[in-house]
Amino acid sequence: MFQIRIHGRGGQGVVSAAEMLSVAAFLEGKYAQAFPSFGSERTGAPVMSFCRIDDIPIRLREPVLQPDALIIQDPTLLHLPGLFDGLEPDGFVLINSSHQPAGFAAMACPPDHRLAIGASELALKHLGRPLPNAALLGAFSALSGVLHIESVLEAIREKFPGKIGDANAAAAQAAWQIVKEARMEAHATAD
Amino acid sequence: MLRQIEGSRAVAESVALCRPEVICAYPITPQTHIVEGLGEMVKSGQLKGCDFINVESEFAALSVAIGSSAAGARSYTATASQGLLYMAEAVYNASGLGLPIVMTIGNRAIGAPINIWNDHSDSMSMRDSGWLQLHAETNQEAADLHIQAFRLAEELSLPVMVCMDGFILTHAYERVDVPTQQQVDAYLPPFLPRQVLNPAAPLSIGAMVGPEAFMEVRYLDHCKQGQALELIPELNREFREIFGRDSGGLLRAYRAHDAETLVVALGSINGTIQETVDQLRAEGMKIGSVSLCSYRPFPVEALRKKLASAKEVVVVEKCVAVGVGGIVSMEVRNALTGLPITVSTVVAGLGGRTITRKSLRGVFHKAHVGQLPPLTFLDLNHDVVSRELDRQRDRRHSGPPAENILRDLRSPVCQ
Amino acid sequence: MQKPFATTLDPGSSLTNHTGTWRTERPVYVDRLPPCNNACAAGENIQGWLYYAEGGDYRRAWETLVAENPMPAIMGRICYHPCESSCNRGQLDTAVNIHAVERFLGDEAIRQGWAFKTPPSDGKNVLIIGSGPSGLSAAYHLRRLGHRVTICEAQPALGGMMRYAIPKYRLPRNILDAEIDRIVAMGVTIRLNTRIDDPVAEMKQSGFDAVYLAVGAQLAQRAYIPAGDAKRILDALSLLRAMEGPDPPQLGRRVLVYGGGNTALDAARTAKRLGATEAIVVYRRTRERMPAHDSEVREAEEEGVQFRWLSTIKKEEGGAFTVEKMQLDEKGFPQPTGEMETIDADSMVLALGQNVDLEFLAKIDGLGIEKGSVMVDQHMMTGSPGVFAGGDMVPSERSATTSIGHGKKAARNIDGWLRGRPYTPPARHPLASFEKLNTWYYSDAPKSVQPVLDEARRLSTFDEVAAGLDQSTALFEARRCLSCGNCFECDNCYGVCPDNAVIKLGAGNRFKFNYEYCKGCGLCAEECPCGAIEMIQEQA
Amino acid sequence: MPVTEIKFYQTGTFTIGNRLLSEEERAGQSAANRANSLNCGHRACQGCGEALGARYAIDAAIRASKGQLIVANATGCLEVFSTPYPESSWQIAWMHSLFGNAAAVATGIAAAMKVKGRDDVRVLAQGGDGGTTDIGFACLSGMFERNDDVLYVCYDNEGYMNTGVQRSSATPPAARTATTPAMGSEPGNRFGQGKSIPLIAMAHQIPFVATASVANLRDLEDKIERATLMRGARYVHVHVPCPLGWGSEPSDTIKVARMAVESGLFPLFEAEYGALSAHTKIRRKVPVEEYLRLQKRFAHLFKPTTDVARVNHIQAIADRNIERFDLLN
C-alpha cells in the first residue's frame, strides 16, 4: 500500500489533489482511497488530505500516519510542527517552491526522493492562477513513478472538465517534463 | 458501473436510481453533499418525476416527507447530528404512522460542546424511535443499503435510517460500483402504500389512541421489527442475485470461526478493525470481528450464534450512554445472556477522535489476556481529565469544562 | 388496503357516539303570537298572510287573510291599523305597511275575481239585523259554518256605516260593492229596506233559530243650540248619508263642523269637496285630545280644513254663530270662560257622536241595556236566549274593524249555541315580543310610502285620496315582515349548529332537531331571528 | 308609482338562507345535502366555535374542490375532539401528524399530488392558534415563503384550550388564562404582546390572505371557497370563540364573535400579494366593553369597578383597527 499525505492551505485544492490521485490510481485498475483531514478550516488555514493506493481493497480508515509521500503545496508550511511526522525513511517529499528551501538538503529521505518545483509559477503560466495542485501531481508522478502521467492527466480532466482541465493538465504535463529532464541530468552526471 | 467517487455522491446516485418522488433538503454537515447532489440531478433532469424541496428546518424536512409519504409518494431526506434531534418529534411520528420514509444519517456527534465530527451519538439517540437503522461499513455498502432500505421500508411500511459515518465515508473518495437503473428497477418495485390519503377513499390517519389501545399499537410496532429480522437477510440474498455482491444483511463476521476474542462494531471502523485483526492473526492471536449492519432491529439470535464460541467480546462503539457506559455493549450483553463470555466496552472515536490500529491493538491485546476493564475510553487524555476533576473537586461550579480542557491542552505540561 | 390498527380510522365513524346524552336543556320549535295579530281587532293572522305574500303567493295570502276577515280591500282602506302601531319592525326602522299590503291583496282579489267557496247549507237558520261590517262579517262566517243566513237591512243598500258614513274618497263604492257582493254570492238571503221592530217575534214567525243584532249606532248625538234658522244646521250622519242619494245637500261657502271625531273630519272634508271655500272644525278641546285619528287630521289639514280648538258653539242667529272660548282644567276637562265671539257661516254640521237606536229592542225580555249599549256575555249573547249582538251596539271601541271581529266571534258562538257545543276560543300563543327576536339578521329597509293624489284633484273630486301599492312595492313591504315568533325557514338553526343536529325538512316543512346528537348548547335559539326556538329543561 | 327593486329585506344576506332564496343566493351550509365533512358525534364542547368554523371551512373547500380535498391537521382541540380512537368525525381524507408541522405535512402532500399530476386535488392545512402562531410558525412561514400550493386555515380561539386554557401569542391583552392569571399589578395577559399572523402572512407576499369569523358564516364560506381554488400559498384566519376558555355562554358563541367584529377588535379583511384588497364594513359599531363583558376572562376589568384605563386601552386597539382597515366605510 502506498500512502500519500498532502499539506496545503484551505483553497489551494488540497482535497481535490488527493481525490485526483485516487482517481488516477483507479484508472490504472488500482484500489484507492482519498479523504480530507476533516474540519471546519476556512480559506488560508493549514489543511491536510490523504490518499492510499493499493492492489487490494482498502479497509483502513485511520488518517495517513506513515506516509510514503508528502506533497507540500506551500513552502511557508515548512515550519509547521509535525509536518514530516511518520514519513517513511525512503519516503518521497515534493514541495512547491521555486528554490531549494533551507534545510531541504538535510532531510532524512534519499536525495532523489525529494524535489522542489515552482508549481505556482507553472500554474500561473498555464492557468493564469497560482493553483499548484495539478502541477504538483504531474511532478509527483515523475518523482515517485507510482502513477503514470497519462492517468494523472485523465484524472485532472475528469475533475475539471473543459478548458480549466486542459490548462491544469498542461501545467501537470509541464511539471512532469521538468522533473523527468532534471532526473535524466542527475543520472547523466551520476554516470 | 465502477467509479471512483465521493461517498455522498455514490449515495445520491443510488437514491436517484430508486426513483424518489419527493426529496426534502436542509443543510447540515456532513450530510449536505448528498442532497446537493440530488438537487443537481433534479434540476438537470437526470432525476425525473421528483419534487426537490428546500425546507426551513430538519423538523420541516421530515414533516414534509411524512406528508408526501402519507400521500403515496416515495419520500427521502437526509440529516445528521443536531438536525436529527431537531426532527426527533417527527422521527417518532413517522414510525408511529408506519410511513416508509428512507433517511440517510451522516453520523456525527451531538453538542454541547458543538462538534461537527463523526460518532454515533445522533442515530443512537433515536434507537428506540421505531425506525429501522442500518449501518454502512463502506461507501459501496452505503450506496447499496439505500436501495435495500426503500424495499425494506415499503414492504413493512416502516421508515428506515441508513447510517454512514460522517466524513469518514461521506467525504471519502472510493471505488463504488454504481448500479444500473435496470438492476434497481428489477429489485425495487413501484411504491404501493399500505394506506394513502385519497379523496376517493377517505381515511382519518393519525388518531388519538388512549390507554385502551396504545399498548397494542406499540406491541404491533415491536412485531414489525421482528418481521424485519426475517426480511433483511432475504432482501440481502435477492440483492446478491441481482447485483452480484454482498451488501447489508443483519451482520457480517470476519475471521470469527475459531476466534477466542471477538470484536463487535458498527459502521466504517470495521475496516480498521479487520486490518488490526489481520495483524494480530499474523502474530498468532485468535481474534475475529463482527460488523453489525442492522442495529434496529437488533439481531439478538444471529449475534448470539456468532459470538457463542468466543471467550471475550470487545464492543468498540462510537457512542456513550453518559453515566452508564456502552450502548451497543448493553445490547450485546443482553444477547449473550447466560453465556460465560466477558463483554467489555471500548468507547472510541467520540467527536471524530482518530481510531488507529495501534490503539486498537492495545485494547485487543489486553482483552485477550483478560486485562481489559469493562469500560475503556480509547486514547483518553487522562492527564487533562484528572486535572479537571481535581479542579472540580476543589470548587464545585456549573458550566462546560471544555474551556479548561482546551487551556490544559495548550499548556506545556500536557505536550 | 390493510390500514394500521387504531391510528387510522374509518371516515365518519363517530356517528356511533350519541352526544345527545350531554344535554341538560333541549331546543324546541315554537310559534309565538306576533304583535300585529295580537293587536288586530278583526283577529286577522297578519303574519300568516304576509308569509305567503312574501313568496308572491297572493292567492294563498288572500285566502289566509279572508279566513278571518272577508273584506280586505275595505279594511285595507278604512282600518286605522293598530297592527302597525304594535309592529316590532317599528322599533327597528319603521313598521311594516300592513294595511297597504292588505289593500293590495283585496284589490288583487277583486281584479282577479277570486270568489269564496259556497259551503253547504245544512245548518240552522240565522237572522242578521243590519248589514254593516259586523252583520256582513257574521253572515260570512255563519255561511262558512254551513248555516242559512238572512240579512235584514233598513236601508236600500248593504254596507251600513261603510256606505252611509265613510266618504267615497276614503272608500270607493265599487270596492265596497265588490266585497259585499262576494259575501252575498255565498248564498246569503238579503232583505233590503226592511226594518225589524220585534226581532224575537220575527224569529218565531220566520223560523229563525238565532238572531244577530248588528244595527250599529246611527242616531246622531244631539246638542241643544238655539238657532234662528234650523235648516242651517244638520248632523254629520245625515250629510254623509245624503252623499249617497241623488242630490247632495247645499252647505254654502263657509261651513262649520262641530265635533272632534273622525266623522267630524269626514264632514269637513266632504264640505270642502262640495264647494265650501272654508270648512272650520270647532272642537271644545285641543288637537292632542281629539278622538279623531291623526292621519285623518293630517289629511284634513292638507286639504285646507281649519280648526278652532277650545271652542263651543252657543247659538246661531241669522248666520252668525256665537262661540265660547274654553280652557282645560287640571283634569283636562274643558271649562267655559264666558269669553264669546261670533263666526259667520252658511251652515253648521253637528258631529258630536252617535247613539244606538234601542226602540226595536224594547219587546225583548231579559235583554239588558246599560249606558245606551246592549249587554252581552262572553259568547256575545244577550240576556235573551238565541239573541246575539255585536258591533257598535255593544260596549267596545267603535270601529269597522272591531265590528268585523265581533261578527266573526258572534258567528262562532251562534254556531256553538246552535249545535249545543258552546264555542271556546283556542288558547293564544305567548306574545312574540321584540326582546325575543335577534334583529341582527334583518337588513335595514324603511317602509315604502303609498303615493297620494295631488291636492287639486283631492279638493275638486271624490276620487280616492290614497292609491294602492303596485306589486313590487307590496312584495317589498311584505318582505319587511320580521315573521315574529314564527319560523320562516332562514336556515339559521340548521347552519349554526356545531353538531349538525338540525334536520332540514325542505321548503315549507321547516326543521326538526336530532336529539341523538344535539348537545343543547342553545346556539340555534340564540341565533333564531324570529324567536321561534325555545330552550326547555330536560326531564330527569 | 315608485318601484323599489325587490331585495330580500326580511333577512337580506345575513341569515344562512331562506326558503325564498335561490340556491345561489343561499349559503352552502343551507343545502340539505351539504357535506358535513365534520359530522355528528364529535366531542367538541357545547357551542364550540371551532367545530362550527371547521365544518363551514372544510365543507366550503369540499364544495369548491368538488370533493378532491386532502386535509392536514395540527394537534389541538380540533384534532382531539374529532378523532379519538375508535371514532373519527371526518368524512374526508384527513391526516394528523404533530402540533407544529401541519403546514409542512401539507406541503408534502401537495408535493406528492404535484408529482402524481393530481392538480385537481386541493390541499388544506388547519390548526388552532397555538399550532399556527406559536409552535407551528416556522413551518407555516416556510410554506408561505416557498409559496407551496396549500391553503392554511387557522381557527383562532386565542389560547391553548386543549391543554386547559393557557396563553398563546394570539391571546389578547388583559385576557385571563391559566398562565396569565387575573392578579397582580397587570392582571391577565400583558399589553403590547402577541402577533398578527394575517399581517405576517401578507409580508410573505402570498397570493391570498383573509380573516373571517363565525359571526359572518357566509363570508367565511365565500373566502374559503375562493381561496381553495387559488394556487400557491393561501391563509385564512378564522375567529372562533371558545365558551370554555373565554367564559362565555355556549349559546353566545356567535354573538361574542359578532361583538368582536362589530367592535373592531377582529377586523374582517382580505389581501392579495401583500396588499389589502377588501374589508367588511362594521354594520352596527359597538364599544369593546360590550364584547368584553360577555366573557369571564375579562371579568376582572369590571370587578369590583370598571378598570377604565385598561378598557380604554383595548378600545384604542379597536379604534386603531377601524382606522387602519377603514372599517366604518
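We call the chains A, B, C and D, going by the order they appear; numbering starts again at 1 in every chain.
Going forward, a residue touches a chain if its C-beta (ideal position, glycine included) is under 8 Å from a C-beta of that chain, and two chains touch if they have at least 3 such contacts.
Remember, it's a predicted structure, so these values are computed and weren't measured experimentally.
Put simply, the chain farthest from chain C by mean CA position is A. Legend note: the chain whose CA centroid lies nearest the centroid of all displayed protein CA atoms is D. Work out the mean CA point of chain A and of chain D, and you get 67 Å between them.
Centre-to-centre, using mean CA coordinates, chain A is 34 Å away from chain B. Here the spacing of chain C and chain D, counted between their Cα centres, is 50 Å. Inter-chain spacing, taken between the CA centroids of chain A and chain C, is 116 Å. The multi-chain contact residues of chain D, meaning those touching 2 or more other chains, are 82-83, 85-86, 88, 90-92, 94.
For chain C, residues touching at least two other chains, in rising order: 6-7, 9-11. Shared interface positions of chain B, i.e. residues touching 2 or more other chains, are given as 97, 201-207, 209, 213. Taken chain by chain, the contacts fit none of the simple shapes, being neither an open path, a ring, a star, nor a full set of pairwise contacts. Contact between chains, per the stated criterion, is found for A-B, B-C, B-D, C-D. Interface of chain B with chain D (complex): residues 21-22, 24, 49-51, 53-57, 59-60, 63-73, 75, 89-90, 93, 97, 197-199, 201-210, 212-213. Listing the residues of chain B that touch chain C in their complex gives 96-98, 157, 194-196, 201-207, 209, 213-214, 216-217, 220.
By the touch criterion stated above, chain C contacts chain D in their complex at residues 6-7, 9-19, 22, 54-55, 440-443, 445, 448-449, 451, 467, 469-470, 472-473, 475-476, 479-483, 488-492, 494-501, 504, 506-508, 514, 516-517, 519-523, 525-527, 529, 535. Against chain B, the residues of chain D that register as touching in their complex are 67-70, 72-73, 79-80, 82-86, 88, 90-98, 100-101, 104-116, 121, 138-139, 141-142, 145-146. Interface of chain D with chain C (complex): residues 1-20, 26-27, 29-30, 32, 36, 38-44, 46-49, 51-52, 55, 82-83, 85-92, 94, 217, 243, 249-255, 258, 284.
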